[in-house]
Each structure stands twice: as structure tokens, then as C-alpha cells.
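Worksheet: one structure, shown below.
Residue numbering begins at 1 within each chain, and the chains themselves are lettered A, B, C and D in the order written.
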Amino acid sequence: MTIQVVVWGENVHEQTNKVVSDLYPTGMHGCIADALNSDPAITATTATLQQADHGLPAHRLAQTDVLLWWGHAAHGQVDDAVVDRVAEQVWAGMGLIVLHSGHFSKIFKRLMGTPCNLTWREAGERERLWLTSRNHPIAAGLPDHFELENEEMYGEPFGIPDPMETVFISWFQGGEVFRSGVTYKRGAGNVFYFRPGHETYPTYHDANIQMVLRNAVKWAHNPAKRIVDPTAAPNVPVAGALEPIVERGPRLHHDGEEGLR
Amino acid sequence: MTIQVVVWGENVHEQTNKVVSDLYPTGMHGCIADALNSDPAITATTATLQQADHGLPAHRLAQTDVLLWWGHAAHGQVDDAVVDRVAEQVWAGMGLIVLHSGHFSKIFKRLMGTPCNLTWREAGERERLWLTSRNHPIAAGLPDHFELENEEMYGEPFGIPDPMETVFISWFQGGEVFRSGVTYKRGAGNVFYFRPGHETYPTYHDANIQMVLRNAVKWAHNPAKRIVDPTAAPNVPVAGALEPIVERGPRLHHDGEEGLR
Amino acid sequence: MTIQVVVWGENVHEQTNKVVSDLYPTGMHGCIADALNSDPAITATTATLQQADHGLPAHRLAQTDVLLWWGHAAHGQVDDAVVDRVAEQVWAGMGLIVLHSGHFSKIFKRLMGTPCNLTWREAGERERLWLTSRNHPIAAGLPDHFELENEEMYGEPFGIPDPMETVFISWFQGGEVFRSGVTYKRGAGNVFYFRPGHETYPTYHDANIQMVLRNAVKWAHNPAKRIVDPTAAPNVPVAGALEPIVERGPRLHHDGEEGLR
Amino acid sequence: MTIQVVVWGENVHEQTNKVVSDLYPTGMHGCIADALNSDPAITATTATLQQADHGLPAHRLAQTDVLLWWGHAAHGQVDDAVVDRVAEQVWAGMGLIVLHSGHFSKIFKRLMGTPCNLTWREAGERERLWLTSRNHPIAAGLPDHFELENEEMYGEPFGIPDPMETVFISWFQGGEVFRSGVTYKRGAGNVFYFRPGHETYPTYHDANIQMVLRNAVKWAHNPAKRIVDPTAAPNVPVAGALEPIVERGPRLHHDGEEGLR
């Protein structure tokens, strides 16, 4: 059974900007899905903002092992109900890979609990990614550094929680640095943020970038059966305590009652 | 200048449940504020759900060094605008201490990015808190363990991100364990979650608990001037790059334009 | 290709204490290796203190994907050169699983940088392990809690660095708690400490414990090619800088010189 | 009572290299101590390799709140007994600030448990430090970035464990990046590594660098009374268990016995 991946693309600039549509005739999501599908262990399909439920109905997410998210112009148009649904699936074990301008997506901010802000400059300058965690699975097969000749700059301070692991840090020609590859765990779900990918440059055609994405999918995949109710807060009745105890003192709740939320 | 503290109390069960009002005649928030004010370095006042803006208007939060949060029955009644305001102030440097059933408060879930769920039992059983980080500032003056003879049980798995530091772990008579004191950083703000404090027990009258709260206030206090706009994502124009660069390739944005969010 | 595992056993009490030898006729290491070999994805062999190089010559370690370490009475007899060798292999990508009293092994203290101390009691009391990270790969197939009816107690504070992830916390009948399953990364090597396993009890015959060990082997396995020199600190000559620079100012070193260490 | 600081300097190149002695006539340690003493809350003295016990006898360390460590040419000459002593004091609560080439000091490698290696180039190139954690106490009063016009380059991958917090990341003119300011906790001791400080450049005369050092001293200072025996592993006798238990099963140890280490 292959790893089931959905590449979510906002699909706005592909429709409105000739530079972008020329670079990515099938959409950035299409290009990314193709790159993933070159690996026989992965089966990637796409979903876009414009589809019903943004292409992410509950039954599809339930069968998605890893979701990739690229958005930029239309973060505000993403339905909160879909964001809630994605967050619950991450907590239940779905992997999530957030790309580039997705740092400001509702789902990334929701899962980080921080502003996820940064500084930026669109000048087609050189970016060099340095590996900070040698032999990390996400860096398998990559050299200690590689370059993108034209990229948008993102600069520190990057408003994220301290990561579980920092895998890449970028050097920019104009003088900035940025934590470009960072991992988190949210519930049972593995989360990876990966910086490169501005829509007016051919970043997703780059072989190293494609390798990172394939590696990240495998890293993010949690093969365990999805947690059925990842937000449940079950009451443990006194009679069911693992060690025998006698109830003491006053109570707010009756036996078998739901807790307050 | 003392540390300016606001103790936020939901103030619901104090009004509706005689056990609670007998234990806490001035409210749990009142009891906690008194405990904090016994330290000359701290000036604590209170705010409640029922006040305009829940007692947390912008100008008050701006002058609050550390906010404590106790809620249980009425998490859903807390205005989202106030939650946003508190989150922004935390990111800007305000300390936040979340107490007991506040694990399910909107503000804690917002800052954690996880369900913050757990198991629970209201049986007045014995809880023993073990220090897991010796000489941590939050544990100053405390022994390696101390007991609460009657507490509600919270059990693992606790749906939080792996903490920056685990300071306390609880043992429960009925057989469970729980990470009872955990620290996080969110933006410039220090966040501490502290488990004990069920409303039908005299927990906030306990000397050790009061000492933890005073210590936690001092730990959470970030004396730096509050960050003015903690969510800003400023553009760095090409002409202002720290290293001289020449713009290359196509652009989405015009000079001086706001970024997309 | 299966995962190549070596189970290192101190093999002292097995030779001197009838209780231990009756429980573990082929040694604790033998019992553990058998449990691992029940999984077709794993090939486990054993090594002991008494062998030349403690059974861990360089060429064997170089082909070991994951090393398990159980020691207690003879930590001081382990040759520092072997400890150095194991540490280097971990940094180069070998997984390491440290068991029970191995908390005081030279290799664990070396990799943690802390005292790794704790409190303890040998009373055959009940231990209950709680899962703190649902669906963690190390907990695959396990319930949220499970019990060992007779174990030695280890209590907090446990002198370790805050873990990358806390996977299990133990409850003890006598009133203590302990972080029983914790993960770390050291160089390219994944490290897992797992608490249970006192030699006078049948812990390694327990089905849940065996499942944790098999899971942990898979989690700790880094399939990347081992890093050749994990401690190298190469000089980058000025002429080889990725961005052209002109040397300025005085120097300590000559071109091509080794750095100081 | 001021914070008691000892600045430890290897004091080798100051004696043998005219560039260094001209820049630092009282030694790098002397320059650093002066910078710290400009803050009335700090009392800094110095110690050097050449002194008896390297200037760090037990009674002096016991009264030292924070130790700074600069070494380069003579790491191997530092007595292991002194390294042990310093490590124990850190675990007991002494703060430690490791500077520049101290990344390869015995004490830093001991506390990290990793190789602490990196790449390097001595070309007097420009270094720009970026703040990655806004309003962190160690960055108090500093801008979001500042420059050193001439520094040695250190490049990633830096062989350290993932830090508790990353405070600074450096950009280098020649194309590298480096995690230049990272925090750790080891036992009760706060540890900060700070990259800049090559001996042939006037780095420790820089106002921003001096401010970082003063801030770091205050951050690293743990005011709690030093832990008396930070490596103790006390036995808890059955009769002294916090919850009454009955001893069961076979034992290795006799009552009151020391544990095995």
C-alpha cells in the first residue's frame, strides 16, 4: 500500500498570472504531485480552493496519509470548517507539510499557536539551504547545502515556536537568514514546514526540492491507525479506577456526565 | 515597580455552587490574587467573565505583565475578540499562567495548537506532585514532592505539544499520572500550565500551591518593553537590502506593497 | 535487508544470582534478542561485557543499525575506548536503546551530558506505564496504559535533559512517578531510554515490553548511510568560499591547516 | 548581592601572538570581565589555564554564579578533574556561558553529549547576527540584527543537540549560516553558547557583543541555593514509601545499601 498524499493548492495565481501559469501549466499542486508520484511508494493527488469543501471532504482526509499545503493570496477564503477538519486529522495522525507562503495559512497558525510572521523581499535573489541535522530522514540523499538561484527572501525573526528539530537554515544573498525546514508534532501528527516555493520561480522543478518533498512525505507518514476521537476527554468513573479508591468530598459532576468544555 | 498581575476568574461556580462560594468567598480569583499580593514584588488585581470585555480591555492588558486564567463552565462564553487580544499580548511579551480546567480554555488551545484533552475523575483523591526539574525557578522553595489530599484527577495522555520544560508530574491515588507543570514560549511570552485547582477543594489555600503561583508569576514576567506589532510581516525593499543585490526575475508585488495574508 | 541489532548485556548477575539465571537462562540479553527476532524485520544478536572489546569491535558496530544496552553492576568495568566508539557510531547514525539501570551507564551519561540520577526502591511493587504520546511509533499496538505487577521503583527527579519527546510516564504503587520512555537525537543517531527491566523480575518476558522494544528498534533505525567522520571540523579555504570573498585582517592559521581542538 | 562571575580564559594566544596581545592587553578574559563589570549588578573576576587548578578550585566554583569559558589552542591541557568539577557545579545550578572556539572545549562537549563540530574559515569576513527570538532576555536592548565586520566563519552543520531555544543565527559573507546563540538546561544549570569571539579580531570590544554577554549572565544566573549532591541516587526504603506497600519478590540489594553505579 502506497502512502496516500493530497497536494492542496490555492490555485489562484496559476489562473491570474501568466508567469505562474507558464511555469506551472498544471498548477503548482500539479507539479508537486508529479514530483511525488515519481516515487513508487507514494500516490499523490491534488485538491484546490475552488472545489467543493476545497477538495478536502471528511472522507477524503480520513484516507489521506499526508497533506501538503500551498496557499498565498487567498488564506482568508479558506473555510474555517475545513481548517478545523484538517487540524483534527493532524491530531489524529495525518502528516502535514506546509509550503512557503503557507506560513500564513490558517492551518499553520492554528497548529503553531504563534503569529508565524517574518520579513520578506521579492527580488529573485540567491538562496542557499544549509542542512543543520546531518542524515535527517528529510535530508536523505542531499548534500550539506544546495542553492536556488532565484527565490523570494524570508527573514528572521520567524514567529514560530522553537521547533522539535531544525533541519534546514537558509542564507540569502541580500543578507538575511531563515529557519527553512522545521519539524513539529501536534497530537499524533507530524508537521514539517519547508520555506522555498515562490510562485514566480521554478522552485518546484528543482531536483533537490523535489527530493526534500518526497523525503518529507515519508517522514510525516504515521502508519498507525488514525485516532478515532482525538479531542475526547473521557471521564473515568470512581468504580473504574485502576487502583481502588473511595470517593471523598463534594462533587460538581454526576456519574457518567460529560465534562465541561 | 512591582509585577503587574491580573487574575482572570470565570466566576460562575462561585455564584451558583455553595461548596465553591464557601471555600472561596471572594472567588477563586480573589483567593489567588491575595496569595500573590502577599509577595511585595507583585501587585495582583482580578477580572471576571461578567465584566465588560471580560475585564480585559486592551489598555488593561497592555499594562499587565502576567495574566492568570481560571475557567471551567463557560469557556464557550469567552468572546473570541478577547481571546485574540490576549493571544496578541502573549506574543508581544505578556506572561500567561493557565490553571487547572483552563486546559480547555480557548486561549490555551489557541496557543498550544493541540486539543489539550485528558482523562478525568472527580473523587477527592490524593494527588502528589513531583518536581522533575530541580531548582527550577517555578519550584523555588519547594520540596521534591508535595501532596494535595483532595483533588480532581487529570490523566495522561494529555493532548499538548512536548513542553519546553516539564517542571511537575503528578501521581494520583487512583492510578494515573499527569504532566502537571509545563512551560512553553509563544512569541515573546512565557506560558506556564499548572494542573491543580478544582473548585470544590481548598487547593488555592494550600501554601505550596500559592508558592508555585508566586514563583510562576516571576518566571513568566518578561521585563522587556512589549513588542508593538507582534504579527507584522514587513517587506524589505530591494534598495534597503543589507547586502547590495540587483532585482532579478518576475514579481508579484509592487514596491512598498503589503504582503498577502 | 533486516534491521541489524546487537543486544549488549552486562551478563554479571546472570552468572552470580540464581534468581536471575532462573528467570533468564540465556541471559537477559538472550531473552531480549529472542523477543526482537520474533519480528521478521529484525535480526538481533548479542554481545557481553566479558567478550573481547566487550563484543563490540569497530567492524561489528559499523554494521549495527541499533544497539540495545543493559548494564547495572559493572558500569565501571566498561572500557572507555568502547564507550567512545559507541558514542561515535551513535553520532554517525546508529540507533541506541538504553534499558533500565543503563541510566547510569557510561554511554548514556556521555550522550546526555547530565547525571542521569534518580531515586529507587527494590520492593517488587506495581508499575503502570502511561502513554503520553498517542500513536507514537514506539507505542504502536499498545493500549494507553499497561502494568508490570513486580518492578523496581525509579522516581523523579530524573537527572536528564528535557527530552525531544516523552512517550511513557510510570506510576508506582509506593507513590512515585518517572519519565519511563524518552527520546533524544544525538548527531544522526536516535536514542531511546526505556525504564523497566530489573533483573530479578520477569519484565523482559512481558508481551507489552517486548512490543515496545521491537517498536523502538524500528523507530531508532536510521537507514541513511553512516556518516564517515562524525566529528570532523573541516576548514573551508577562502578560495573555496561559496560566495567570493577577499581575505581581510590577521590570521592565526595557515592555508590547509588543521584547526585546533 | 551582585551576580558573581568568573571569566575563564585559556590565555595562550595572548602570550604568544602579538595581534592578540595588542587587541587584548589584559587578555580576552580581562576585556570580557571589564565589559561585565560595567554593569553594577555583576561582579566579574578572571581565571586562567596557567593558574593552579586552572584558577577554578572547588571553593571558588561553589561561590560562582556564572562561569564564562573561552578556550581554543589548549583544550587538551584542561585537567579532566577540573572539567568534572565544573560539570557538577553546572548540574548543581551554576550558569555556564561558552564562547566561540569553546565549542570544542571538554566542558561543552561533556554537557552536550555530541561532537560540537562545525566548518570554519579565518578570513575576516562580515558576520551578521539575526535575532530569532524577539524580546528574549539575552537579546534585551539589541536590534533585530547587528554586524561584526571582521570575524572567523563557523558554518553548519553544527554538531549540537537541538537547543531549548535558538536566540541568534549568523549570516556570513562567504555564504554560510550558523546557530550562533543557543540555550540549554543541564541539571539546574543554564547553559548558553555564543559564537562570536575570534582572538585576532576586536569582537569583545563591540558594544552589542558586550550587551549580549551581560544579558546572558543575568539569564544564566539561577539564584536558588546550589544543589548539594547533584548526582545522588538515594534509595527509598520500603518502610519509607509515601504510600504503604509490602515488599514482594526477590531482591538484589539489602536495606540501606548503596545502589550500583
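Going forward, contacts are C-beta pairs under 8 Å (C-beta built on N, C-alpha and C of every residue); 3 or more make two chains touch, one makes a residue touch a chain.
Being a predicted model, the structure only gives us computed values, none of them experimental.
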{"item": "Contact-richer chain pair [A-C vs C-D]", "value": "C-D"}
{"item": "Centroid-based (C-alpha) most distant chain relative to chain B", "value": "C"}
{"item": "Gap in Å, rounded to a whole number, between the CA centres of chain D and chain C", "value": "27"}
{"item": "Intercentroid distance (Cα basis), chain C paired with chain A, Å", "value": "31"}
{"item": "Touching two or more other chains - residue numbers and ranges from chain D", "value": "128, 133-134, 155, 159, 162, 164-165, 173, 175-176, 185, 187, 230, 242-243"}
{"item": "Chain A-facing residues of chain C, complex", "value": "93, 128, 133-137, 140, 145, 164-165, 173, 185, 187-188, 222-225, 227, 230, 242-243"}
{"item": "Chain B - residues contacting chain A, complex", "value": "13, 17, 19, 72-73, 75-76, 87, 91, 101, 104, 110-115, 117-125, 150, 153, 155, 159, 161-162, 164, 173-176, 184-187, 199-201, 230-238, 241-243, 245-253, 259-261"}
{"item": "Residue numbers on chain B that touch chain C, as the complex places them", "value": "128, 130-134, 144, 155-159, 162-166, 169-172, 175-177, 179"}
